[in-house]
Amino acid sequence: MYTYETTVRVRYAETDQMGYVYYGNYATFYEVGRVELFRSLGFSYKALEDSGVMMPVLELHSRFLKPSRYDEEITVRTYLKEKPTVKIRFDYELFNEHDELINTGSTTLVFVDIKRGKPCMAPPDFMERLEPYFDKQ
Amino acid sequence: MYTYETTVRVRYAETDQMGYVYYGNYATFYEVGRVELFRSLGFSYKALEDSGVMMPVLELHSRFLKPSRYDEEITVRTYLKEKPTVKIRFDYELFNEHDELINTGSTTLVFVDIKRGKPCMAPPDFMERLEPYFDKQ
Amino acid sequence: MYTYETTVRVRYAETDQMGYVYYGNYATFYEVGRVELFRSLGFSYKALEDSGVMMPVLELHSRFLKPSRYDEEITVRTYLKEKPTVKIRFDYELFNEHDELINTGSTTLVFVDIKRGKPCMAPPDFMERLEPYFDKQ
Amino acid sequence: MYTYETTVRVRYAETDQMGYVYYGNYATFYEVGRVELFRSLGFSYKALEDSGVMMPVLELHSRFLKPSRYDEEITVRTYLKEKPTVKIRFDYELFNEHDELINTGSTTLVFVDIKRGKPCMAPPDFMERLEPYFDKQ
């Protein structure tokens, strides 16, 4: 398993008139979580796309346990629990400043060869970097 | 069961650099779907909130089957399959202009009494309007 | 001059915790305004892009006169006051359901040849369709 | 004059199918800029709202000089050039990672007493903190 933590500060633009973060905006927080997990492995999603592989989302699940509010610094803990294949699944836990779990979620994405328009395996260098975290198990 | 169909046209703002609708924006399409389902029953979410009841989202699920693209007119078919209690669940099917199913999803929301800050039953007049669609079953 | 009117209904996603439409979202309403103005001339922005011309925005101005609120149907009146060249300027007036002017704005965009990465003249067929509205002046 | 610099990293959600940051999203970058300027003065916009004063935007201007792209770290330099009264104007300069000026803008906001629904002067403690930067001139 590989885990990485990052933070996002809630922007005014992300709130709605309930005074909460609009539920659709958690998808963006998840995006920040998995992109920073990639970066922490010395891997860049941008570079991946530039190299001809994109990662559209296949599935999204979210549970909203407590609201998050304007200006709060939210901790996004992203988990890679299984070794990726053509698909990769991320799990998320979001915590507010009082360390309360406010949201859990998951996304499944697929590696797609842009030119061929077809699913492909996760890039070898990415898999190599992940090896230490999964071989141990 | 009660079903209602409405359409949304994909805005440039909603696309991402993959040329697809960003996955977080489907939550907004679902919102349009359920609000228009409400309106079709002579019921307004805005009036509900003005009367002291709000409806935060508890759960969101999405499956992305095919991408949707800029300027497409997406049909959002919203289903109310079960009689609401303190919670209400909506199911969604989204179709593109070629009548292809591109996305399925569901959201579960809870009725909350704003003043008391506590869950409450669905408003009686809303339940009354729904009765014909569920009593028959 | 050429003018076109369309409407947008304010989504919950577009409100902020002030209970108003977030100021950045008017840019999207302007987008809807100018795209529908294009469509009313038998012209499609999507087709334009597919033909190799894109239109990035160079300038944006907005005055926020009155707030707009959730679920309001906003009328977006878009004006093309001057004949386009390599640039095209749109002016906007937004009205709420009480016919009150709530927002005025303008955007200047540039026609760009995508392959060459350079500004280009407005497409001839677009200019032809506009001719009746400007030759009369 | 008082100036403050902060950074935002471009999210995938903020790009559009041109591969650029959608023009409406700069308003959010400006929001981050002025909120962090506030915070750098020991002042919190959130606390201001909690104390009964909100700050709707009256005017927005933007010039888009160069596109910004996915994953770039954008520097937002925010300027407070004039002493606030009932209104406050912020100027912005945005730079990409190559230190190129990509966007300039300004926003004018008004202090509003939420209870009375009327414009009010900038809060005294905020004005005090600003004094050193304006008295010198």
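Observations, loosely collected:
Every chain is named by a letter (A, B, C and D) in the order it is written, and numbering of its residues begins at 1.
Here is the rule we use: a residue touches a chain if its C-beta (ideal position, glycine included) is under 8 Å from a C-beta of that chain, and two chains touch if they have at least 3 such contacts.
This is a predicted model, so every value here is computed, not measured.
Residue numbering at the subunit C/subunit D interface overlaps substantially, since over half of the positions present are found in both copies. Pairs B-C and A-B differ in how many C-beta pairs touch across them, and the larger number is found at A-B. With chains reduced to the mean position of their C-alpha atoms, the one farthest from subunit C is A. Subunit A and subunit C have Cα centroids lying 34 Å from one another. Each chain gets one centre point, the mean of its Cα atoms, and the points for subunit A and subunit B are 25 Å apart.
Mean C-alpha position of subunit B lies 28 Å from that of subunit C. Looking at subunit A, one finds that residues 12-13, 17-18, 22, 24, 27-28, 31, 49, 70 touch two or more other chains.
Per the touch definition, subunit C reaches subunit D in the complex via residues 17-18, 20, 22-28, 31, 49, 54, 56-64, 67, 107. Residue ranges of subunit D in contact with subunit B, taken from their complex: 12-13, 15-19, 22, 24, 69-70. On subunit C, the positions that touch subunit B within their shared complex are 11-13, 27-28, 31-32, 35, 44-46, 49, 70-71.
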